[in-house]
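Next come two complexes, and both contain chain A; in the first it sits with chain B, in the second with chain C.
For the complex of A and B:
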């Protein structure tokens, strides 16, 4: 259970909110690279943290993320002409560069300096690892560029997709932290999904349906270890890192690519889920990329606007017969939509004053506490948040078998640290 | 393929407007929770938490061999009686000095189907004897934890 005012604090990410201010201290994924594929390509609307913005790539290949609306009459610049080094409003021809600076106002005399006084709000936008990242905070506090391993490995080793999720970001994130649901909701996928099947660890998952959990506090966030029985005197550990505020990874399976998510608030009732797969030491195979593009693994099959094809308008294509046959636990196909369907069913912003948490929800309880404390510390004392430093981001999930008397944090050692060219630790 | 059933379909059911029609009844009574500290540092944290208002939570200390619990006012109670009708038990330890008591109480909870959680009060340290003592018996462990974690956990589960 959460008090209403704390639920509001955690779920509201608009510009003037404490959680919104916290988010504005991090680079956030805002577009896939494919969305701005060429110089002078069409601009793309970006709504993030309850701000309406427009991204474009100018004639010189520079990227801009600016206020969506023309300073003159409030026209959406999505209708703009992206040409000759700027974006021109089609209404009266006002033209802006990638910094939001007006560079032409045709109605003004040629010698007028009116342009110099017209500048739209803009934010830095960088492409890194197949993803465009934006920083919406105080320029003086801008952190180093993202160093997540999935954006720093060579291009052929990584794949990122995105999908719309029609609920608040926090209930989506909490699904990424809550390892205990995997035993039930995703139980049908271990043997059938080509991005999971065949791993030795899968047998441990299926052999022990009541895992124990250890939630370890570490500098960037939390490490959630799920412990299952393995061979005599040993435990099988699956370790999920959460890095503040909205990054989680899924423990790996065998030599399959590693994967994880960013849960990015669009507004308080929608979020983008950026889902990535990468392999630290080899290129992804054609089969693997094909499976990801088909919506398997942690990805989903989407329409041209990145809305999942299985969505609430078609009841997520629920198949009660497949559910009855045991092919899927909920009747919804695919891990991503199994999660999204249930999280969206909670409503746009779930009322956490009504929930009945149990002790095994301690990971979620701890994550909420850390988010709340970070947001309030930033608002009240300006305390620097964690999670936006390179050392916080060089993290990996881990799957490992350890002796029963060994703490997982001790047993995994350097395995949770992303190191170039070093294989993942997986079972 | 299933055809959405209009009024009952997900698109409509998941809206804010429809959320207003969720049955609004008082939450069920809090689950009976027992909180046990196993060493001086842990008991201090438990005592601090006990000073707050709670639903059905009760607070104790325990030492080896663990067949008895001591309330915050110093009364000695039988473990078996105090676990009667209990839903969850939170074990708090900063050291491994009462490992036998942890084992006794943990095993008693397992037999009775009582949900267990553990808090390891070792600031700045992830490895400790306390962790190893609690691990076999706590369904979930917070490592390291502090007094705030205990209070937040109890509030979240409406203890």
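For the complex of A and C:
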């Protein structure tokens, strides 16, 4: 039920597109800290928002994100030599610093000023909370550094992984907004996954298969409340924040770490899913980190290039027997790949003119409208987007039992605000 | 018993006798008016009951709600100032004679 031109508008994020321009007003995660582990380590290809870039860490530990290709004859600098304060093209020895400035063109005479006039495009790249962040927009409009709680808590309290997803970013994001699918697709995981099991809230989830959804506006995006029956006269609310353009958090369970995602466009047919877990007030335990590294919870088991081991080439290792037994609802193992398998099955860019939405899709409808309005307002009037300001980013998901006559937005109060040292609100 | 007139894209008018309290979509579906689908059953989520309200009734009928407004922006073939989802218009005696145009295509 989405008009074709709006589907194009929302799914295309290249440099000249309205959504691409909107994305270029936000810091986006582009690498994990482990990908640039040491000074002069190998450079890493970064494709984001349909731009091909290269990240490297020079001899002095400075980070650079520059055009992937040498200004001379277009060789990929991924083959380059990262040495003595710059990245040198292996073809003719041209050398660039972290700002993309050419600092040596060895073939030119000593007296030549040639290299002073050669500069590759470059973007700021900063490490914060185990993640490298890049800003691809107008330098004059650069927002403050990311203030998400998962990047600002002490190092021992947070863990981030990433995986390749082989479809457009929007259908992946929409999975993060649509908590209605949890009742079905992920029903097998609540009791078995060490990062979810044991929470009191899980029983409410399983006891009410027809949750009611209510969507509330908030300054940075939306709060999507899923209401299920709890004890007499009470409801169990799971509240998912979505912050423009591509941040979502999953409502917490008990004292388990809280988790969420960034859905980052690589190009129009692929995205990186950054999945984080953190606890606001304590270190993650060894067992928890072990489970995350093993691909449990919202994470996945991947190959060295962060492509999941269960992928479309092997039908996501679907186990029909487990599906039949009800151990896993779809037969695919793990929350992350249960989602990814179905979202990739829609095709690289799903044709939303043919979809048939129902009442539980209200969050998706409102998110599309907010994205559309933000992209058009930026394109037409230069209106400042929301979601890139620190106050928009100090947000948490919530799981709470409220009296039946209380609106969730009143009942959660400050619980949705990330406050240092204050535990999450969770049942 | 308010009467409602539905005018198709070809100009054919169908008059239906509605009941106070039912929606303009429900009255149409109950009487088999072509072009009003109401796939989601009146839940304000599918946008397949789009109509254009005739000028003389727009004030009386009022503006779309928040989610309805989003659905009209995103989904329907031609959004106009007079666009409404007919499942969100509840019939009253004051709306007797309400006339709406039905688009050639629903989403």
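Following the convention adopted for this analysis, the second predicted complex is superposed on the first by the 427 of 427 C-alpha atoms of A that agree within 3 Å, B and C clash if a C-alpha of one lies under 4 Å from a C-alpha of the other, contacts with A are read in each partner's own complex, and residues count from 1 in each chain.
Keep this in mind: contacts are C-beta pairs under 8 Å (C-beta built on N, C-alpha and C of every residue); 3 or more make two chains touch, one makes a residue touch a chain.
If you're wondering where the values come from, they're calculated on a predicted model, not measured in any experiment.
S.K.: Under the superposition described at the top, does placing chain B and chain C together on chain A give a clash or a fit?
M.R.: clash
S.K.: Between chain B (first) and chain C (second), which, if any, makes contact with A:357: first, second, both or neither?
M.R.: Both: A:357 reaches chain B and chain C.
S.K.: One more residue to check, A:128. First (chain B), second (chain C), both or neither?
M.R.: Once the two structures are laid over each other on A, A:128 reaches no partner at all.
S.K.: By the touch definition at the top of the document, which applies to A:1: first (chain B), second (chain C), both, or neither?
M.R.: After superposing on A, A:1 lies in contact with both chain B and chain C.
S.K.: Looking at the overlay, what does A:307 touch: chain B (first), chain C (second), both, or neither?
M.R.: A:307 sits against neither chain B nor chain C.
S.K.: Could you look at A:62 and tell me whether it touches chain B, chain C, both or neither (first, second, both, neither)?
M.R.: neither
S.K.: Which partner does A:197 reach: the first (chain B), the second (chain C), both, or neither?
M.R.: Neither: A:197 stays clear of chain B and chain C.
S.K.: Who does A:369 touch here: chain B (first), chain C (second), both, or neither?
M.R.: After superposition on chain A, A:369 lies in contact with both partners, chain B and chain C.
S.K.: Who touches more of chain A, chain B or chain C?
M.R.: The partner with more contacted residues on chain A is B.
S.K.: Looking at the overlay, which bit of chain B runs into chain C, 6-14, 24-32 or 132-140?
M.R.: That would be 24-32, the only stretch with clashing C-alpha atoms.
S.K.: Would you mind listing the overlap between the chain B footprint and the chain C footprint on chain A?
M.R.: Overlap of chain B and chain C footprints on chain A: residues 1-2, 215, 356-359, 361-362, 365-366, 369.
S.K.: Can you list the residues on chain A that touch chain B in the complex?
M.R.: Residues 1-2, 166-167, 212-218, 269, 312-320, 341, 344-349, 351, 354, 356-363, 365-366, 369, 405, 407, 409-410.
S.K.: Considering only the defined contacts, which chain A positions touch chain C in the complex?
M.R.: Result: residues 1-3, 6, 215, 353, 356-359, 361-362, 365-366, 368-369, 372 of chain A touch chain C.
S.K.: Using the touch rule from the top, collect the residues of chain C that touch chain A in their complex.
M.R.: Residues 39-40, 43-48, 67, 70-71, 73-77, 107 of chain C touch chain A in their complex.
S.K.: For a test of understanding, state which residues of chain B touch chain A in their complex under the given definition.
M.R.: 1-2, 4-5, 9-11, 13-16, 18-19, 27-28, 31, 88, 90, 115-117, 126-127, 131-132, 135, 138-145, 148-149, 152-153, 155-158
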